[in-house]
Amino acid sequence: MNGVQGASVALSDLEKSYGSVAAVAGVSLDIRSGEFLTLLGPSGSGKTTTLMMIAGFEMPTGGDIAIDGQSVVAMPPYRRNIGMVFQNYALFPHLTVAENIGFPLKQRGVAKDERARLVGEALELVHLPGYGGRYPRQLSGGQQQRVALARAIVFKPRLLLMDEPLGALDKQLRENLQLEMRRLHADLGITFIYVTHDQEEALTMSDRIAVMNEGLVAQIGAPEDLYDRPQSRFVASFIGESNFLPATVRGLENGVVVADCQGATIRAVCPGRPATGDKVMVTTRPERLRFADNGCDPAHNRLSVTVTEAVFAGERCRYMLQAGDGTSVVLKEPSSAAIRRRAVGERVEIAWSVADTILV
Amino acid sequence: MTANRILPAIAVGLILLFLAFPILVVVIVSFSSATYLTFPPPAFGLKWYAAYFGSADWLRPTWLSLWVAGAVVILSTTLGTLAAIGIARLPRALRLPVTGLILSPLIVPVIVVAIGIYYAFSRYGLVGSPFGMVLAHTCLAVPFVVTSVSASLAGIDPRLEQAALSLGATPRATFFQVTLPLIRPGVLVGALFAFISSFDELVVSLFLSGSGAVTLPRRMWDDLRFQIDPTIAAVSTLTVALTVLLMAGAHLLRRRSEQVRTTASSSAP
Amino acid sequence: MRAVQKTMNPMPLLLTAPLVLFMLAFYAVPVVSMLMRSVSDPTWTVANYAALPDDPVFLKVFWNTLVTSLIVTVGTLLMGYPVALALVRAPKWAPVILILILLPFWTSVLVRSYAWMVLLGRHGLINESLLAAGLLDRPLRILNTPLATQIAMTHILLPYMILPIANALRQIDPSLARAASGLGASPFATFRQVTLPLSMPGVAAGMLLVFVLALGFYITPAMVGGPREITLSMLISQQVDQLNWAYAATLSAVLLATALGLIAVCYRLPGIRSAFRMNAR
């Protein structure tokens, strides 16, 4: 199945409103050929509506969708030649697995023998050889998922859309299938657009993630970008866990922002150029904080806090700390019998690297 | 077991006996050997079945009823299935009056329907005509088809049709290859109900039969006015057997299609 | 803006039109034109309706129809509730109970009415057994009395009461009853304070269904009922036989309006709609 080149997709100012409610309020995205792009967002953020517009099941109320530079807005879904995997798989209950997978080939007038050969190939690809004669209801959820996947790629579309395809499966199975989908993406070379509300899934699988909120793209970037350099409080709190400490900008020093926070001086990298006196949020990840008395770089940011809660959770300890003004800070420390556990009420100093400090 | 539980159980048992007993009595009487109606029968035999199968007076209405019911099935299932599919896609403003009209025979007292049809049909010479009977029975049978097919349609996951479209099936192909096979059980159940509703129908037949279209229920009714010999019991038993068979078939069909549906979506959230 | 303008798809209309036209031609127009006779005969008038309140025959028959329907509704309720409860609460017996309910349900009204003729007749099963047991010395007259109509109609309409109540009971979360008894309520108190109130939509749906169906009953009262205690349907039929169309149409309109009015009023009750939706099939 090699040799197919993925399609590029361009969304420009895409809008969809129902009456006065805008489900998608102007989304512009350039999805590269062969990319694995994930639309990530809470429910109601417009990610599924965006996907449905690309598939052709929803008509945009504004903007344009172009596949390989050609607008497809006026094209009915059955002519777009896009593979799609649905949330509940949407396998035809009255057809066998082989007939399900052969369905798109039959629509394209592929001869019976050729159809059987391609269906066999697709079943091999999803590790279900010999399952062709069964009915969907005789398969487990994971197997149904693989059949849906085989059906969506058997006709060699250049673009594959997936709407929360793993949402109904248990954790173990989901993790297996995530890896398998990555492999499939690498093998096929086609473009994947994947919708999910599960940030871990998005981080594991995607080349790039577009985080959506309230009908708009809040931020787009590679998984590490989004995690290490969130540009808004929404992204910082939606992807991973974050601490937020209010601070006031004092000035710039060698391209590093200096701010006052709880009586301490905090240095941070900041993509924007905040002005002196701006109120900002110092944002940190709990696992990148440490207790200063365990030894740390003198260039690190430091802050005095009180321990209010200490929870041992196996591989790590989770501490709830309180800064001077009462703001809560979470710190996660890898557990080790060699490290002293902190007691509730203890006053400690925490430290973290300037590179792990973001202002939003 | 305490009296607390035995007493309600006895009460329920008696009520169920009340429900089923009368029909059992008819079945038992039909096998009676007596020349008049008496219970329990002095001895058993197939005398009354022989009387039924040997009498053209009984067989002619039977064939007519079967013929009418068959025609009603074809007409009501075709019109009803098409309409049910149309109604599901009709704009809201039209859907309400249309379903109101189509389902109204379920709540309009049947005597009102019967004399209304009689009133109109008598002017067009449709009284005493099997054709007129088919038209009238179709109106009464259609609600069963439409409700059954509509329920099937409503049970179809819209994503199945979307999936078909995304896989390259035209709307036409989607309808014939996906939608229609999925509603087939609903159509069959509707057809069975339509058959029974026509085969058992009496009130409209009382007015429309005339002398040229005497259906089986009408023949039974006429017979009951003069005598109640056990031939009627034999005929009743046969019709009960037929309807119970068909209804049980419809019941199983519906249960099975529901099962397919629930197992198919059980892994969905 | 490239979005395509949505136009009305003619397909749904084309699919629906044949049946709508059929029903208009062979059902709606006939019934409405018949009903029109009540206001157009002999000339345009409301006199036919105005005369009803002073018409002793109508008043007696209408009253008799309402009373019969009410008795049958109460009778089916009293007998139907325990059966519905057993159907839901005794899963082991449910298939048997269901068959015993559906068997008569699927049997035609004509056959069931005939069964009651066999049972209640002068030489019917009931009289013969009572005579044989020495409890009577002369057969009772039950057939062709209002009592016979009430018994037979109760029998015929009982499934229409059981099924909606059973549906309502089935939807009650069983943990509620357990919670109530866990809180110290006796089984009877649990039933009265938890199960009964929650099953009310089903009860209301069943009562409405039975009452409305009973109003229009014709076959059964004509076969087993008394010659003097006739129902509205029978009176309508008699008037048609005498070609008294204006009167028959007026009575039909009253019967139809009563049925539709009841449904319209009851449809506003909370929960009844969902109870009906379950029962529609």
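Which chain is which? They are A, B and C, in the order written, and residues in each are numbered from 1.
Operating definition for what follows: a residue touches a chain if its C-beta (ideal position, glycine included) is under 8 Å from a C-beta of that chain, and two chains touch if they have at least 3 such contacts.
Because the structure is a prediction, the values reported are computed rather than measured.
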item: Best-connected chain pair, where connection means C-beta pairs in contact; value: B-C
item: Chain of greatest Cα-centre distance to chain B; value: A
item: Euclidean distance of C-alpha centroids - chain A vs chain B, Å; value: 55
item: Length of the line joining the C-alpha centres of chain B and chain C, rounded to whole Å; value: 17
item: Where chain A and chain C are represented by their mean Cα positions, the distance between them in whole Å; value: 58
item: Residues of chain B whose C-beta touches two or more other chains; value: none
item: Complex contact set, residues of chain A against chain B; value: 55-57, 76-84, 86-94, 103-104, 107-108, 136-137, 140-141, 144, 151-152, 155, 161, 167-169
item: Footprint of chain B on chain C - complex, ascending; value: 8-9, 11-20, 22-24, 26-35, 37, 79, 82-83, 86, 97, 100-104, 106-112, 114-119, 121, 123-125, 128, 155, 158-159, 187, 212, 215-216, 218-219, 223, 233, 236-237, 240, 245, 248, 252, 255-256, 259-260, 263, 280-281
item: Interface residues, chain B side, partner chain C - complex; value: 4, 8-9, 11-12, 15-16, 18-20, 22-23, 25-26, 29, 37-39, 79-80, 82-83, 85-91, 94, 98, 101-102, 104-105, 107-113, 115-121, 135-136, 138-139, 142, 146-148, 151, 196, 200, 202-203, 206-207, 217, 220-221, 224, 228, 232-233, 236, 239-240, 243-244, 247, 251, 254
item: Contact set on chain B toward chain A in their complex; value: 157, 159-160, 162-171, 173-174, 177-178, 181-182, 260-261, 263-265, 267-269
